[in-house]
Amino acid sequence: MALTDRDLVSIRDLSDSEIEAIFTVADDMMRYTRTALTVCAGRLLATLFYEPSTRTRLSFEAAMQRLGGDVISCADAKMSSVAKGETIADTVRVVEGYADVIVIRHPLEGSARVAADYAGVPVINAGDGAHEHPTQTLVDLFTIRRAKGAIRGVRVALCGDLKHGRTVHSLVQALARFGGEMVCVSPPGLEMPPAMVESLSAEGASITQANSLDDLIGDVDVIYATRVQRERFESEEEYERVRQAFRITADLLSRARRDALVLHPLPRVDELAYDIDDDPRAAYFQQAADGVPVRMALLGVILGAVEASGAGAPQRPEPREVAGVRCGNERCVIAHEPYLTPRFTGGDGAPLRCAYCEREAST
Amino acid sequence: MALTDRDLVSIRDLSDSEIEAIFTVADDMMRYTRTALTVCAGRLLATLFYEPSTRTRLSFEAAMQRLGGDVISCADAKMSSVAKGETIADTVRVVEGYADVIVIRHPLEGSARVAADYAGVPVINAGDGAHEHPTQTLVDLFTIRRAKGAIRGVRVALCGDLKHGRTVHSLVQALARFGGEMVCVSPPGLEMPPAMVESLSAEGASITQANSLDDLIGDVDVIYATRVQRERFESEEEYERVRQAFRITADLLSRARRDALVLHPLPRVDELAYDIDDDPRAAYFQQAADGVPVRMALLGVILGAVEASGAGAPQRPEPREVAGVRCGNERCVIAHEPYLTPRFTGGDGAPLRCAYCEREAST
Amino acid sequence: MALTDRDLVSIRDLSDSEIEAIFTVADDMMRYTRTALTVCAGRLLATLFYEPSTRTRLSFEAAMQRLGGDVISCADAKMSSVAKGETIADTVRVVEGYADVIVIRHPLEGSARVAADYAGVPVINAGDGAHEHPTQTLVDLFTIRRAKGAIRGVRVALCGDLKHGRTVHSLVQALARFGGEMVCVSPPGLEMPPAMVESLSAEGASITQANSLDDLIGDVDVIYATRVQRERFESEEEYERVRQAFRITADLLSRARRDALVLHPLPRVDELAYDIDDDPRAAYFQQAADGVPVRMALLGVILGAVEASGAGAPQRPEPREVAGVRCGNERCVIAHEPYLTPRFTGGDGAPLRCAYCEREAST
């Protein structure tokens, strides 16, 4: 199964070899981010954003135009068809008549899978609630790989709120696949979910916990910071204490390795002090810029405009109906789109998971 | 009068021969909906949407880009100039300096006529309140004509709320012009306006009424379903009863002709059961997709980029002021744009109609 | 210092010679406003609008596409990143990774300077609150220069509210630079700020005041009208009286010179009667249309796609911190973006001014 015409809903929709193939193309695309190719001339991208996201939308639209393609853009889809009660399935079946590839962002978990199931053109998930945002993960990996030459053996400190947030959960799983070593540093109560740590460890990944970034800053290759949100804390004092402890400042960075990399999915609030912006190790704006070549590679490959051959396309398990089982996730698309039938994957010992939001099912 | 540089405010702005000429071009355009021509290279379309409409806006923008042209887009015009109190006449006289053709959607009836009167570039009406949405009508006709080879003699069941809604009113008049045969099926109280039926019959059109789709489903070539809105009913029970009776289900469709066509202007709410979507007779997504070649043809022809010659361009009657007569329609543009002079067409026996919203005038 | 890669935050960022060079290119561009050049093929413009402005945004986007370039557009930036608390500095450092030039409109005074300071690509100010809107000033000058052959010696009546409004303040300073003669006509209480008149006179500019447009209409080459806003008046009667006195009507215009020019930055409310629209001297829609060739010239020159050499690029004074001095302007960007350090220009006799909003500092 080639990469042409493929959907990208989850980072698990791509094999390691396919990710490598996309990165090889993205390496080439680095040379064309300030000019325009013509490989996608005559191809049309539709962006359907049910939540605002300047960053992600603009980087997809820039990528498509750097490839010579065109864009039709719906920056605020929530205000239009959906206001008239249209379902995701209907919207994408209309838009597939207009465009050659659809990029969708939607607040419901599993919504991008529904879009992919119904659309006759490839669908790329640009964020479906707390579920997945696979192109962010691709960009994170790409930036690390470019700076470090590879991901295997690279030691990454993940800092901040590791309990919530799809970005960091997708990233640890992707790092594990490529042999990265992970150290999790989070305030009490915001730790990486134990089940996730256990499961990765069981699969042989190197994933450990630490109490303070302060102690290990000299021993890591990458510091991946994430937002710590005020509303996660019971008191203002507690928030303030954590905020200070997890802030990456010039002072802290002075003890980091010379070739360390500070990354952040942006937008930041307060986790990265402004005084590190000029430090050459502060790579978060480069990381944002890398969104263009990575998305150029992805669009080019999916549209069949650029050749890339990766092996071992993952076989998605066939979802099935299971009597007496339901998805209990209120933010799952299944609870909101009436034409969908609850379907699940897993069983035979493995937990049953909703085929859309991938959360464990309720019985 | 050629089609180049023409406005399209009402479907009556085009002669039958001109519509045929556009469809001939649209047939050709079907081959180019997944690539890009260059016939409109260097031409610019402005979309001015004072009401959200993803579907219509995106299909125009896709069409223009498939022709090789470019787009400047205002998806939410209401929030910008108009918020500063700018009139339609001023807005289009500014935008004509930027673009080569303007597509406008505006909630006031007659607004597109005002835009066309003032703009120095062609204006296409993408919906002016309850008045007209001529490109939707063109697409409806085109889809029927492509599937059936012609419109003459094709028997079309129009189902649902036939009292309200410009889509179906425009369609019956257009079908009548091309010799289609119409059967109107609607719940009590939502019938096609009797004056419209009488007037079409008087002109020789075949238009009849039926009580139930159930009885005639085996005898029609096209089933054109429209939305039945809850707010039209006094009680929930009455709504529920009608909803069930007018719903097109797999069961109902099993008795339709093998080559029947189910159409719907979309978005649907509940009138089309999801279980018919995979039936080859369910053509509403094809109908949506046909919006691209039809709008490509229209833009190409209006911009003079594609040759098409239709005969008999309709002569619009010269509107005139009539003492003591006014347009009583509160949703008419005349009631909202201060620089306009009330003008009317008709008289000499025929009813006087507002030159903008085309409703009968009050005296 | 060439024009390539330059920011345009204030009209004072350009020397007279550079403005002339841009106008020479704009003269050429007049021939290409209905076609597309390819000089900017492969270049990408990002428009970041934190306030809606159809007119300005669309004219920049039209200009870029007429040059053969592409656009990524954020028509409502306020609703996206900023809603997540992102700073201007961070947003532009992300967007510089996507686009080759950024056009920004933001309600805070000095915001465009911050964008220019942080972005690695050229930034054009499309309006930063009450501070500057330099491309409007360029367009105003260009329209006068084209109609009159030059600006030197052209007598311009500035009418309406001359106290508030960046448009007219920027324009008088620019006219003074090019030797225009100005007559200010405003209602009591809405006069041009005396300090501004004195300062321009001291520099040798010809700037006088008059009580009524009625008396001087036959003696001026250009009538530049601006909006008089109801909220500036204490009573409805006072507003009504002024409104009538400052309205340009066909009757008033009948006494103007045959080759006079009526200009207005648009949108108008009531200052220009609709009955003058067809008068050939009514040039405000031409003025709006001139926005395209002027912005084409500017984008082409800044992107290095079109050659233009102007001499004497202004040296912006180096801003510095001054102990005990602060910017008291609540609408200044310094009061809202936490990473900025208050900096000032001036001193040594000249008043200290905030380096961002350019208002006089408080001590």
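Each chain carries a letter (A, B and C) given by its place in the written order, and its residues are counted from 1.
Operating definition for what follows: a residue touches a chain if its C-beta (ideal position, glycine included) is under 8 Å from a C-beta of that chain, and two chains touch if they have at least 3 such contacts.
Predicted model only: the values in this text are computed from it and were never measured.
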Specify, for the interface formed by the sequence copies subunit A and subunit B, whether it is same or different in terms of residue numbers shared by both sides, with half as the dividing line.
different
I need the rotation angle between the copies subunit B and subunit C from a CA superposition, between 0 and 180°, in steps of 5.
120
CA centroids of subunit A and subunit B: separation to the nearest Å works out as 41
Two or more other chains touching the same residue: where does that happen in subunit A?
73, 75-76
Of all residues in subunit C, those that touch subunit B in their complex
33-36, 52-55, 58-59, 61-62, 65-66, 73, 75-76, 266-269, 274, 285-286, 288-292
What residues of subunit A sit close enough to touch subunit B in their complex?
41-44, 46, 48, 70, 72-77, 79-81, 83-86, 89-91, 93-100, 339
